[in-house]
Amino acid sequence: MTNAERDLDLAAVVDALCRANHGCGRSSAEPLPSPDEVIGMMEALRRVLFPGYFGWSELTPETLCYHLGHTLDQVRRTMQTQVKRGLVFAPPQADGGETDTQRRAGAITDAFVERLPQIQALVASDVQAAYEGDPAANSPDEAIFCYPGVLAVTNYRVAHGLHELGVPLLPRMITEHAHSTTGIDIHPGATIGASFFIDHGTGVVIGETCLIGDRVRIYQGVTLGAKSFPLDADGNPVKGIMRHPIIEDDVIIYSGATILGRVTIGKGSVIGGNVWLTRSVPPDSRMTVQAPRQDAFESGGGI
Amino acid sequence: MTNAERDLDLAAVVDALCRANHGCGRSSAEPLPSPDEVIGMMEALRRVLFPGYFGWSELTPETLCYHLGHTLDQVRRTMQTQVKRGLVFAPPQADGGETDTQRRAGAITDAFVERLPQIQALVASDVQAAYEGDPAANSPDEAIFCYPGVLAVTNYRVAHGLHELGVPLLPRMITEHAHSTTGIDIHPGATIGASFFIDHGTGVVIGETCLIGDRVRIYQGVTLGAKSFPLDADGNPVKGIMRHPIIEDDVIIYSGATILGRVTIGKGSVIGGNVWLTRSVPPDSRMTVQAPRQDAFESGGGI
Amino acid sequence: MTNAERDLDLAAVVDALCRANHGCGRSSAEPLPSPDEVIGMMEALRRVLFPGYFGWSELTPETLCYHLGHTLDQVRRTMQTQVKRGLVFAPPQADGGETDTQRRAGAITDAFVERLPQIQALVASDVQAAYEGDPAANSPDEAIFCYPGVLAVTNYRVAHGLHELGVPLLPRMITEHAHSTTGIDIHPGATIGASFFIDHGTGVVIGETCLIGDRVRIYQGVTLGAKSFPLDADGNPVKGIMRHPIIEDDVIIYSGATILGRVTIGKGSVIGGNVWLTRSVPPDSRMTVQAPRQDAFESGGGI
Amino acid sequence: MTNAERDLDLAAVVDALCRANHGCGRSSAEPLPSPDEVIGMMEALRRVLFPGYFGWSELTPETLCYHLGHTLDQVRRTMQTQVKRGLVFAPPQADGGETDTQRRAGAITDAFVERLPQIQALVASDVQAAYEGDPAANSPDEAIFCYPGVLAVTNYRVAHGLHELGVPLLPRMITEHAHSTTGIDIHPGATIGASFFIDHGTGVVIGETCLIGDRVRIYQGVTLGAKSFPLDADGNPVKGIMRHPIIEDDVIIYSGATILGRVTIGKGSVIGGNVWLTRSVPPDSRMTVQAPRQDAFESGGGI
Amino acid sequence: MTNAERDLDLAAVVDALCRANHGCGRSSAEPLPSPDEVIGMMEALRRVLFPGYFGWSELTPETLCYHLGHTLDQVRRTMQTQVKRGLVFAPPQADGGETDTQRRAGAITDAFVERLPQIQALVASDVQAAYEGDPAANSPDEAIFCYPGVLAVTNYRVAHGLHELGVPLLPRMITEHAHSTTGIDIHPGATIGASFFIDHGTGVVIGETCLIGDRVRIYQGVTLGAKSFPLDADGNPVKGIMRHPIIEDDVIIYSGATILGRVTIGKGSVIGGNVWLTRSVPPDSRMTVQAPRQDAFESGGGI
Amino acid sequence: MTNAERDLDLAAVVDALCRANHGCGRSSAEPLPSPDEVIGMMEALRRVLFPGYFGWSELTPETLCYHLGHTLDQVRRTMQTQVKRGLVFAPPQADGGETDTQRRAGAITDAFVERLPQIQALVASDVQAAYEGDPAANSPDEAIFCYPGVLAVTNYRVAHGLHELGVPLLPRMITEHAHSTTGIDIHPGATIGASFFIDHGTGVVIGETCLIGDRVRIYQGVTLGAKSFPLDADGNPVKGIMRHPIIEDDVIIYSGATILGRVTIGKGSVIGGNVWLTRSVPPDSRMTVQAPRQDAFESGGGI
């Protein structure tokens, strides 16, 4: 590249970009959470929750505790650092100094680690649900290894655990990583019971204030969303309102169905594919689209 | 981190996690297939199937055979190892000892390698279909490089080849990798003819027992699924039943259409966008949604 | 592996694969653009557009210019090389020799770099729109870090900048990378105004000739597609026709809506979820699906 | 590169190189030990022998066992694989089949692992000797971190452990790695007592049949070599003869000294710098070079 | 590996190793300096001191400052962290708390950065001396790229700068890395003037209290060492005594020469190869070995 | 790091460093050879010269040509690029334009590749010499895998091949890499016959104009150097004069011997350890140091 013959004033571009960013708030010297560290920590937790499936092989009962303990200790350090960075985005507390934030991050991390056995029990129930719910599944191993739904729900369960402990930003980074990998978008704030199974999953969206019971099964393209949200006096959306559906135990929702607003889908109901629902239905309902009349060709829909 | 002031009993957590997993079956010393190895093998096969596009550059006719031979020999070794690990999940056979499994894995691998020229011919037809089917495509090179549909179908063709040879788990790992990358979920058991093109593709689901002819074109969000599946006496889904659609030659299915059950879409039919179909249609059918009445605003659908 | 007992004639397979490829056009010695390099360049541009969020931390106003200048200079060299490789796919020009292509690639690169401050202003407006448009967003930082819509639109803005300068192939590689990561498929040829927000996003498709105004908001599963496209005398699709919708300022389109053809959605309109639209609507329209009757259970839709 | 204008017949070169190698013995399908794996295993052992110094940080007494156990289990698997590959070079035994070699490799590996505590005690004595023997050393930590002599002797102690168990090739790979890193060349067959310290070390050579006592200190450039070696009837060197020096306890050998042949340096002796010695000396000897007369300049010695 | 048939009690080995290490001082939770980070920092400084030779290419005067500033800012952060870790080994000071150590590390780092231009001037003089002093050198570029002496002296100059600022451990890590790479062992405490050239260099040792003038040239295998060192009442070496040679300006020392003790080699002297010197010599001395008589063959010296 | 409280003016340091370097010649936009690329190329050549030992395993006669051809084609491209960059340092030629340099680099590369079979024959003779010359060697495999002398001589043979073709800089980079790894410093300009063996090797220096016959064996610490070199009118060393020894066939030189100047060591001679020689000796000479008198202890030589 012979720059002599160029007109580009690189310094002017750099200056313009710098000026624009000075006002944008990240000129703070406080380091942000690192996406790579957070994702690496999630992968380590996956090894802990499914020992022998990811990362290690040839485990024996004798050596399992070494590998678990080793990984868990690493997770703990990484989590404390990243949680501490994330707390920059939390409402300030008491002292708020470096040492105080460090201490809070440590306490949150330890509380999370103590919950891991419960999280493990939940993901084990999810794996079993996947194996039992899909006639194409040949073994629970296949579900653990290959099922995007299992991956996304595992990430959600970890993210939800951190969310409940008041950690900002990190839970969303963890569920977005699953979203990117699977096309399944579960907000870490949602509450989901045991034995949850999402099949295929691409396009599934589960909103922040959803409340989902046990043994629920969902297919690709299902939206559990908000109908609308009220604005405050300044025209900004009011945050924190219960605006997503309640799905009771043993409900099945087939592909492409959309359920909007704080409605309740009663226990044991079945919502058919492509159904559009903005009202509550009682237990054991069977909702299906009555297929609209389909006639002569009109429009292509190609792009 | 000053651990002195902490209450966390890490050893207790490790013990709890270990105990829970002892009963979960992967305390076996048999190594599982490695996702990284399997994906790396698939990427190597992509270089073999599209020489000059991925991984190597500046190929000449004189040196092509060296690069192909080199990569194919590496693929062969990796495949044999991974197939052998996958066979742990296959029904046991005759002898079933270490040596026997090794031998079976070798035979499967060689049979697959011998089919590669046919697979190459199929993917070449898919690329041509992509170029011809999309007015936005400027060259077949662009289709090879940038089209998620081409990537997903190539992975499917390799996975299907292994599936036909009775390899467990690996085919699903290969198609799930494409699913993760493209949002296109094709079961390796599906049967798909030449010149197959999926445009955009996000949300496409093609079920295990689908039978798809030649020159079929599909758009994003199309589901070729099962209507329902019978349960056995124990309430488990019966495996292996023909439960997905048959799509004959020269069919086009536009975005968002859903076709469920063992129905047949006759040769040359066009299925319009968002059509919901649970019955067979004769050749040259034109099915479209008669747009339902659309009135005043009712619900937001935001989340 | 004891090859002695095998029948596989590896040389025959290699020969078959080589023969097949000789006629396929990539036996040219001209190197193709490298996906890894192009993606790496896009990631470097993301660091430039959002300094302090990705890749660097602890920036201060004093050191910002060094990091920006360093990265921008690297981007410039990578871009020149990759653009030059991409120009192989452009219509030939004047001289067309090595030196001429090198010079054209340099001029394009410099023109792009000079536009970066404008692109930065646009992406800043997109981030603000994301924060304001989602009640679940806690800070603009969260939008930058975690929102797939922000990632996809940033990639689009860079790709569109290169597309406007006549660069082949690279723009598509950049938007396809976002498509793979987010499930949002925006053609680099589309024209999109400021403050654009896509929420959740999986399954969104925005076609090549779309024209989108300012402050438009779109949800997951929305298609802005072509109704059909005319074929030329040879039966090939005619390229370059305006065939996708015009979306005017301040329009909101809810999840799953499909808008096809060169129709115009008037300023300030709201298109409800799952609406299927193939005609223009005037400003301030409110289009919603009148939910079809939903009765007794008929079909499952599982797969 | 336009190959058209070249004369190079690449295929002819490849053929010539292939033909030449066919007779060279490594066309066997038996895999060789992997230098990378062996070196990685040695680095893992260094972490085990010096926990907290290399690779891990922030160890606590509670978590130490997890990290040690984890690493040791990995070392064990790697070692078994590499030892098995190395056994190809050992004299054949009994059965000699795949399974038998696997079993022998497992037994050797376990025997080695059981010796690790003794090896650890020896390297701890070496570190203490380094700290005490060098006035420039500020702490044992500095010796562990920075002293090439400590690194080389640690590698030797591991290699010697494997050598004693009859492992071919691997011990030499381990000491040669230290040789490359430090310039200190200790044959794994040498026998060396506790509290051994080599300062600076570049150019030190310690031969295969050396016998070195406790608390010996050696400086850079010291050779403990063979005077000459007898040839057999075919003119090949006779292998396995005791041909290197015996250095008794508490001996110091200063830089550049050369001691050749099966001679004995008596307990507590001090061998001065540059001394050339081919005969035994009694305990407490003080050998020094009487500096030769040094006069007017004669020759440069530059290169 | 079938562990069933083994006797190895891995847990017992782990326990033995853990017990042994509990008393060894590194169970502290204070993290140690990271060799990888320190070496990476040194490599970054090499890029800063020789811009355009390592790591970056195609620098222009316009972009040089961006790359320098970027790298220097990174070096500064890394150095502050590593210096802080190193200060654990320094004598405790005043407050000694976390914040105080952080502050000291910051002050040291900034003081070092301010000295970089002087260090750069010195290494430039060294490069020129290498080019002028070796008839085999074709350009200063070759000296920068390929001469181990230039590499080792550059590392020394950086290490010495940190040593002068009272940083423990890190300087030694930096010179030991050069020692490992080149076989040249320069203690960071030595004082060396401008235009210093070491040719070939393997086996050179320069002790802690050496004082070397300007324009000195040294060849491989030269030792500038201590004659002996006094012990204190406990029999430990007394630290900090001036015990290595003073080499005045313009001295040349040929390969293999050994100079021991606090002697002075007068300005402009030439010390011949293999000379052994333990007394001072006046300016302009010419010391050479009078070759000892060499007769009939006596001893081999093979190993 | 709170920069607020700092005085460091980073910009001033950056400016000072930039100013100093502007005059230093590497502000040219011409890229330099990349050490990483050159070393990687050398490692690829080692795989080509010793197929099955490094990088590949489980080669069969059928697949050997693929791996060799693949690697050789890669080497060829890398070499052409790096040679072209190196030619910047060669005397300018004829045209000297970009295209001309490209062409020269291509011609040199092809000429080198054609010589590879001869180089392979030489390194095979070196391996055999190592196996036969060391009683501690158990197999030629051990020599290939573990002997620093074999590594250094292989690098020399490749470097010498490039040196003979007039390539600047690269040959020295290749031999310096070996020097760094082994402590053996062979100038690429030296001429060395077949079956050359260097044992242990640390500290060996072989000068630019050495002429070494067949079947020569050398031990650690041997210098084949220049006695002195004449200066030109400007006081600079005259380049290109024959100033290093001639070593005829079948000579053995034991450790620490120094031979200086254009002297000839006659065929079949044996030079004993530590001998210092500045004159020619006739064939079959036996030169040894008559050990100087060694008395009471005088000086330590510790450092």
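Order as written gives the chain letters A, B, C, D, E and F; numbering starts at 1 within each chain.
Definition applied: a contact is a pair of C-beta atoms (placed from the backbone, for glycine too) under 8 Å apart; a residue touches a chain by one contact, two chains touch by 3 or more.
Every value quoted in this text rests on a predicted model; they were computed, and no experiment measured them.
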Item checked: Steps in the shortest chain-to-chain touch route ending at chain F and beginning at chain C -> 1
Check: Taking all residue numbers at the chain A/chain D interface, are over half used by both copies (same) or under half (different)?
Finding: same
Note to self: Counting C-beta pairs in contact, which chain pair has more, D-F or A-E?
What the structure shows: D-F
Notebook entry, point to check: In whole angstrom, how far does the Cα centroid of chain B sit from the Cα centroid of chain F?
Noted result: 52
Notebook entry, point to check: So, what's the distance in Å between the C-alpha centres of chain D and chain C?
Noted result: 57
Checklist line | Where chain A and chain C are represented by their mean Cα positions, the distance between them in whole Å | finding: 24
Margin query: Two-or-more-chain contact residues of chain D, please, as numbers and ranges.
Written below: 1, 3, 10-11, 14, 29, 58, 60, 63, 65-66, 68-69, 72-73, 77, 183, 200, 202-203, 205, 207, 221, 223, 225-226, 229, 255-256, 258, 260, 273-274, 278, 289, 292, 298-303
Next item on the list: Would you tell me which residues of chain D are touching chain E in their complex?
Entry: 48, 50-54, 57-61, 64-65, 68-69, 72-73, 76-77, 80, 106, 110, 113-114, 116-117, 120-121, 124, 132-136, 138-142, 145-148, 181-183, 200, 202-203, 205, 207, 220-221, 223, 225-229, 244, 255-256, 258, 260-261, 273-274, 278, 289, 291-303
Notebook entry, point to check: Any idea which chain D residues touch chain B in the complex?
Noted result: 1, 3, 10-11, 14, 58, 60, 62-63, 66
Notebook entry, point to check: Hey, which residues of chain A end up touching chain C in the complex?
Noted result: 1, 6-8, 10-11, 13-18, 20-22, 24-35, 89, 168-169, 172-173, 176, 179-180, 183, 185, 187, 189, 199-200, 202-203, 205, 207-208, 219, 221, 223, 225-226, 229, 236-241, 243, 252, 254-256, 258, 260, 270, 272-278, 286-290, 292, 298-303
Checklist line | Residue ranges of chain B touching chain F (in the complex, touch as defined) | finding: 58, 63, 65-73, 77
